[in-house]
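Two complexes, one shared chain (subunit A), two partners (subunit B, subunit C).
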Partner chain A sequence: MADTSTDNSSAAGIDLSQFYQVFFEEAGENLENMEQLLLELDITAADDEEMNAIFRCAHSIKGGAATFGFSDVAELTHQMETLLDKLRRHELVPTPPMVDVLLQSGDALKAMLGRHQGNGGEQVDTSELLTNIRAMVAGEAPPVAPVAHVPAPRVEAPVAQAAPVAAVPAGAAPTSGKRTVELRVGPLTDMSLADNLVELFKEIADLGTISALPDDPSLAGYRRFKVDTASNESDMLDLFTFHVAREQVTFLPFGQAVAAPVVAEPVAAPEKGYGFFDDAPGAPSANHVATPVVAAEAAQPKPVAPAAKPAAPKVDKPAAALEASTIRVSVEKVDQLINLVGELVITQAMLAQNSRGLDPVVYQQLVTGLTDLDRNTRDLQEAVMSIRMIPMSTVFSRFPRMLRDLANKLGKKVELVTQGEATELDKGLVEKITDPLTHLVRNSCDHGVEMPADRLAKGKPEVGTITLAASHQGGSIVIEVRDDGRGLNREKLLSKAREKGIDAPDSMTDAEVWSLIFAPGFSTADQVTDVSGRGVGMDVVKKNIASLGGTVEIDSAEGYGMRVSVRLPLTLAIMDGMSVGVGEEVYILPLSSVVESFQVSEEMVKTIGGSGRVVEVRDEYMPVVELEKVFQVPRFDYEHTSGIMVVVEAESGRVAMLVDELLGQQQVVVKNLETNYRKVNDVSGATIMGDGRVALILDVGSLVRRSRH
Partner chain B sequence: MHSILAVDDSASMRQMVSFTLKSAGYTVVEAVDGQDAYEKAQGRSFDLVLTDQNMPRMDGISLTKKLRETAQFKTTPILMLTTESSDQMKQAGRAAGATGWLVKPFDPNKLIEVIQKVIR
Partner chain C sequence: MGMMEKLDVQADLAREYLTFRLGDEEYGIDILKVQEIRGYENPTRIANAPHFLKGVVNLRGTIVPIVDLRMRFGCSSAEYNAFTVSIILHIGQRTIGVVVDSVSDVMEIPPEAIRHAPEMSSAVDADYLRGLAQVGERMVILLDIESMLMSQDMGLID
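After this line comes the complex of A and B, so read on.
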């Protein structure tokens, strides 16, 4: 624990630190939940249940933080809770700055929790946040001077006290209008704290006047003041809480009997921290009744508090229910499982291959068993792979916040729409796709969506829309980033490309023009902003996506917006491959890159400019890649009179690969060659075939590049 | 052995309370919210119910009310764990039929101390 400020971890001989991890995870979930709710919050029509849910997040973190001794976290969440409580009781109207400050507080809490977990990081300074929240809580008070006049707050953590004390006894005094009241402050450990209140009155003339009253010996630890004021009590309370906890302040009608019975009980309570209701079912016998004060008060005709209004039994965010039905497992364990299943798949394929020659009549039972094994292995593999699959919502969830901050910074109005959040993707891919997607979304907001005035002038809605959509298409997942902004300008792109010395003839198709933005160092914004930045360009985005086995495509309509589609394999661990034979060797081509295959005769292949060879396919010439030369393996057909061409496609074009035979299509378990051997050019990995032999998986992109340059 | 129904939507608090109670020799059944607790309370009895106040689906006050309507919980001690220590909350707790309250955060010793006052 890097920053634990209290030592209650050994209370009652129980080591509280054993619960820290659960608390951290839970607090993290609550923070995420709160952020999401805040972002979804429509402040013009805040739903009670939503406000309650947000309140509960802060409340829950506070409870845990206070229990486990993270007083800084408890202090900040306490203030957030105070604000949220006022909001959910409709005592305050939510405003965008409130949402901002709550979001910032959430960030601060994340950082604090990170520090407590020993992740390091800067000491988090929350004084400004606390000041802001307090000012907002006090916000409804027009006669009160601006907060800036108040001396820098030196605050006691009010949470730590947990005093079950009513701050303002109901009906004890009129709450506003010019009047004289007695202000009682305590119990205080440092009596001089109360002097700060006197200072406060000096600084804020509107507050009225204050003068000290003689200390009352029956009220040890209390200071008394006479206050002439026209401000209402809750406003004053809010100001006082800069110096003393809310629970320590009591207003009384001036001249009331000194030993006020109303205060007497609460003074005792903080030490006990519990109590039983008089005559309540199950209460201990009279001797044990600690503080029957509530019973006494209950006698007064006071309606039962509305505070306990039960939460609407609306379909709830299934946080609690989920928790009970999920377990946390380390990724390592899952990977080990996947690996073992991979081995099992290989063994099964081997058995299937060896049994092919057996007579099904003689070995009927064995063949049936092997068929079952085949099916079960496949199901098992699918089930195991699905463990690693996580929904895209985990990626998408970070964007509302990011986009909100970004749009604010740019002075734009942008709405984010997400579709297909439930679409699942391998965890490893999810982690790696986040950065490229972030870049694309930023680009859309920065360069795509226009300023509100420009949009209105063009007859578009003032608020721009950026859509993030994920869907499955075949064996891939397609993630689209769409915006309804200005789109790409063909002429601008072309002239820019020429400026950069890129060959850009007018005859280029639109798709080719759009893909110019992936060229290194290409930026289309007239001015480089600090948002999209200058460092990381679209070329890096494309490279990152390509390294995941994915592709990027752009569509654009000028004036209407653009769409960037990222296509990714579902998982990096298993791939649909086509196995081809070259001589004795077997190579695997990713099925997604195979376009077609055909038989060629020697005449169709032409030699150009020395060593290069091309093949004519439907009036189009395509470079030929001869795997026998790339990998130096002899072909069966060493006279090269015929062969099979497999056309493969990568981002930079198509090539035809000359092979001896097509062996078939199958799912292959991808093994990383780099970790097991070393990096090999033109090879992206390896797999073990059904017969136990190792086959190399070809890196089509690299082979295409090699042949076209 | 006395059995206690411990209700809290916070996993860390629930674990802490549960661990503390088990260390003191009680049998503990955990529930993640009022609704869960109410379901777990059907057809059996407990020597004590310890419930958080603010929870999703069903809060501590509603749980207390519903339990009091159930025959086997008419006289069972029900303690509310709460950070909202206002009189308003206590009023609501009392009106719902709670036995008493314990303010969060609390020391595990204090929890045992309070519990021993109501069950022996």
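After this line comes the complex of A and C, so read on.
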């Protein structure tokens, strides 16, 4: 198997590597899915449906891994599958250690897949995991309901998933000892494939003996064999998969085929088979009846097997429906689409601008057409942008697991509540917000939530609650991380700040005190000992969020918990901007940072120390930033003086920007300057205006910082 | 090994060069680096950039920096008239425009026609010269435009 994938120029001529990416994506999704299902699993009352879903995840990964020759992945998933199979058959009772082992295996698989994807990383050692799983499979827990387990018939494939120990009656030693079984292979499109199995038995003497049984007319597309063997059935399956898919192989107790789901009537007596012993291999089956017939039969298990507990035939339906309604598209393509639409918007704006002077009476049709174009481009832009939007649940889904592990490690009891998972956010933002959020949640669990005993002593419920909530507010998305832990301690923060040499007068408001934890290096030194040591890297969190155009706020009540609110723009690709004119040039200010603007006269501006200029706005003195000087705008009319101030706010500072005129507000498509050029000071990006010219977007945060130095 | 030989063979083949004028001088650059030639349009100025960086323009939705080669090479005058053109170059993953007085020709110059440029001090570092080519009466200065634009002192990259 492994050879086919490494030797890409093999005779088959199919380069499997082109499908790797699809496999990695699917495997990743399956792993996430499995993890989520495992976490939601109520082990005291495990639902069949859930167990089947988990099993399916492991099974799909295994199938793909085997096909592409990732044998380590296939091996581990195979063991997981064996365990899961026993669980879903109720042969084993799920226990917390099992869930733990399965979760750990999931992690190991992620690491392995990462390695195969070329992300580097250490070789993953799975021997311990494998041993653990095997031990569990071997059964520390006794089998439940030993009589009532017959493989569940599944709608989509008659014998699919019939796992190794499937049809062997409980009680009989299922996987060892010399015995005779009926091996059924199918449905096959090429009947001669099954002959390879006969070859296999010839090559491996230990395997036992195989002999063909006559084809059963009711089983079109199937081949039957009688096998005398002492080998474990899952071992045999592993060998068989070199030739036929695992799903196509079924083991039945010899002569007891009645219990099999696909059989409509008892199979011919075994003695009949002996006569065909030698001439059968290679003889093609005469019964090439279409497989759907068999599938249909399988869908309605005949009552000949009264012990059979028919499984719900709905198992795969929801998943299938979901798959059909979505398509997988690379982000690159979506971005290309967004770029093109951005172009269209610019062209449309240009047309609109140029047509303004036209007489609507004379050019009625043209004007109407342009109005339609305007509306359609806007709708199109909105629709295209929505492709990039993905629900917050993709971010939130990683936290239950993380918290579970963290709480276990810290010996705390924490429950995670998520709200507003359906809130959508730009994909680019989602990727970048994950780390800061992880940090905040970790902090809440580590420093916020108290130990169970402490909580009880304070009259709080033993289990702490951490809430992750996302919601839309205006043009932004607000993500809150709340906990009902101990909250921040004002005194401790103040004294710590003074220790660090930060100027912290007692008169500071609570909000100001809380924001001290964003100071660089705050409490990194002795965070373990300190109650309110939440400052671990909080400055980094704040910086990352600010770089996304977002803000962070903290609320806290000592003893009752705290809340960190992160406010982000909905998308990075489009922004509401205010265009301002300075000299002959146009600059864009992010509208979200504009507080107000006003006409200013010479007298209102005062100087400090001869050079620093301030302006008084509503009893507050603000530093003045003259865009003209910052950007060295050339002047041709020397008489002119800028007369408009725009107050902008960023990083909890305000400055007044001196500009010549306000030109208007518009949505702008944000373009990167670094793609072809480099980072420019005080500029966060560029956009293309209606007339096709480039305008620079100001980095308000950097301008505010500039005013401080 | 096989790869190396192949490259050598390629280097021996005559290459096509796009030639253009800067003042009285004629320069040539590898035609494969040229994406397109456009009329000069006023770029958006970037503050605190080197004087030869005229600014950035919108090239069908992409923001492209524009370098005036005449200012870079210290030409006596750098006028913008109807003949002034921007050559849009594709260099590595980047798109960069250069302003020249006029584009003259595309010519094939065999390697044996290329002479080494003498060591001398000029506005153009000898490292960025591929050589000098005699084409009829004219001398064409062959520029290694890629290494020149990507060099640190151009300040086009971080």
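A few remarks follow.
Quick note on the criterion: the second predicted complex is superposed on the first by the 398 of 709 C-alpha atoms of A that agree within 3 Å, B and C clash if a C-alpha of one lies under 4 Å from a C-alpha of the other, contacts with A are read in each partner's own complex, and residues count from 1 in each chain.
FYI, a residue touches a chain if its C-beta (ideal position, glycine included) is under 8 Å from a C-beta of that chain, and two chains touch if they have at least 3 such contacts.
These numbers come from a predicted model, not from an experiment.
Using the contact criterion defined above for the overlaid structures, shared-chain residue A:T675 touches subunit C, although it does not reach subunit B. Contacts of A:F23 after superposition on the shared chain: subunit B is touched, whereas subunit C is not. Of the two partner chains placed by superposition, only subunit B is touched by A:G63; subunit C is not. For subunit A, the partner touching the most residues, choosing from subunit B and subunit C, is B.
Using the contact criterion defined above for the overlaid structures, shared-chain residue A:N339 touches subunit C, although it does not reach subunit B.
After overlaying the two complexes on the shared chain, residue contacts for A:A686 are found with subunit C alone; subunit B is out of touch.
Of the two partner chains placed by superposition, only subunit B is touched by A:A53; subunit C is not. By the touch criterion defined above, A:L351 lies against neither subunit B nor subunit C after alignment on the C-alpha atoms of chain A.
In the superposition on chain A, contact of A:M451 is made with neither subunit B nor subunit C.
Residues of subunit B touching subunit A in their complex: 9-13, 15-16, 19-20, 23, 32-33, 36, 48, 54-59, 61-62, 68, 74-79, 83-110, 112, 114, 117-118. The residues of subunit C lying in touch with subunit A in their complex are 42-49, 55-58, 60-65, 94-96, 155-158.
Subunit A meets subunit B in the complex at residues 8, 11-14, 16, 18-19, 22-23, 25-26, 53, 55-56, 59-60, 62-64, 66-68, 162-166, 269, 273-277, 280-284, 288, 290, 294-295, 297-298, 302, 304-305, 307-308, 310-311, 313, 316-317, 319-321, 323-324. Interface residues of subunit A, counted against subunit C in their complex, comprise 339-340, 342-343, 346, 585, 630-633, 671-683, 686, 688, 692-696.
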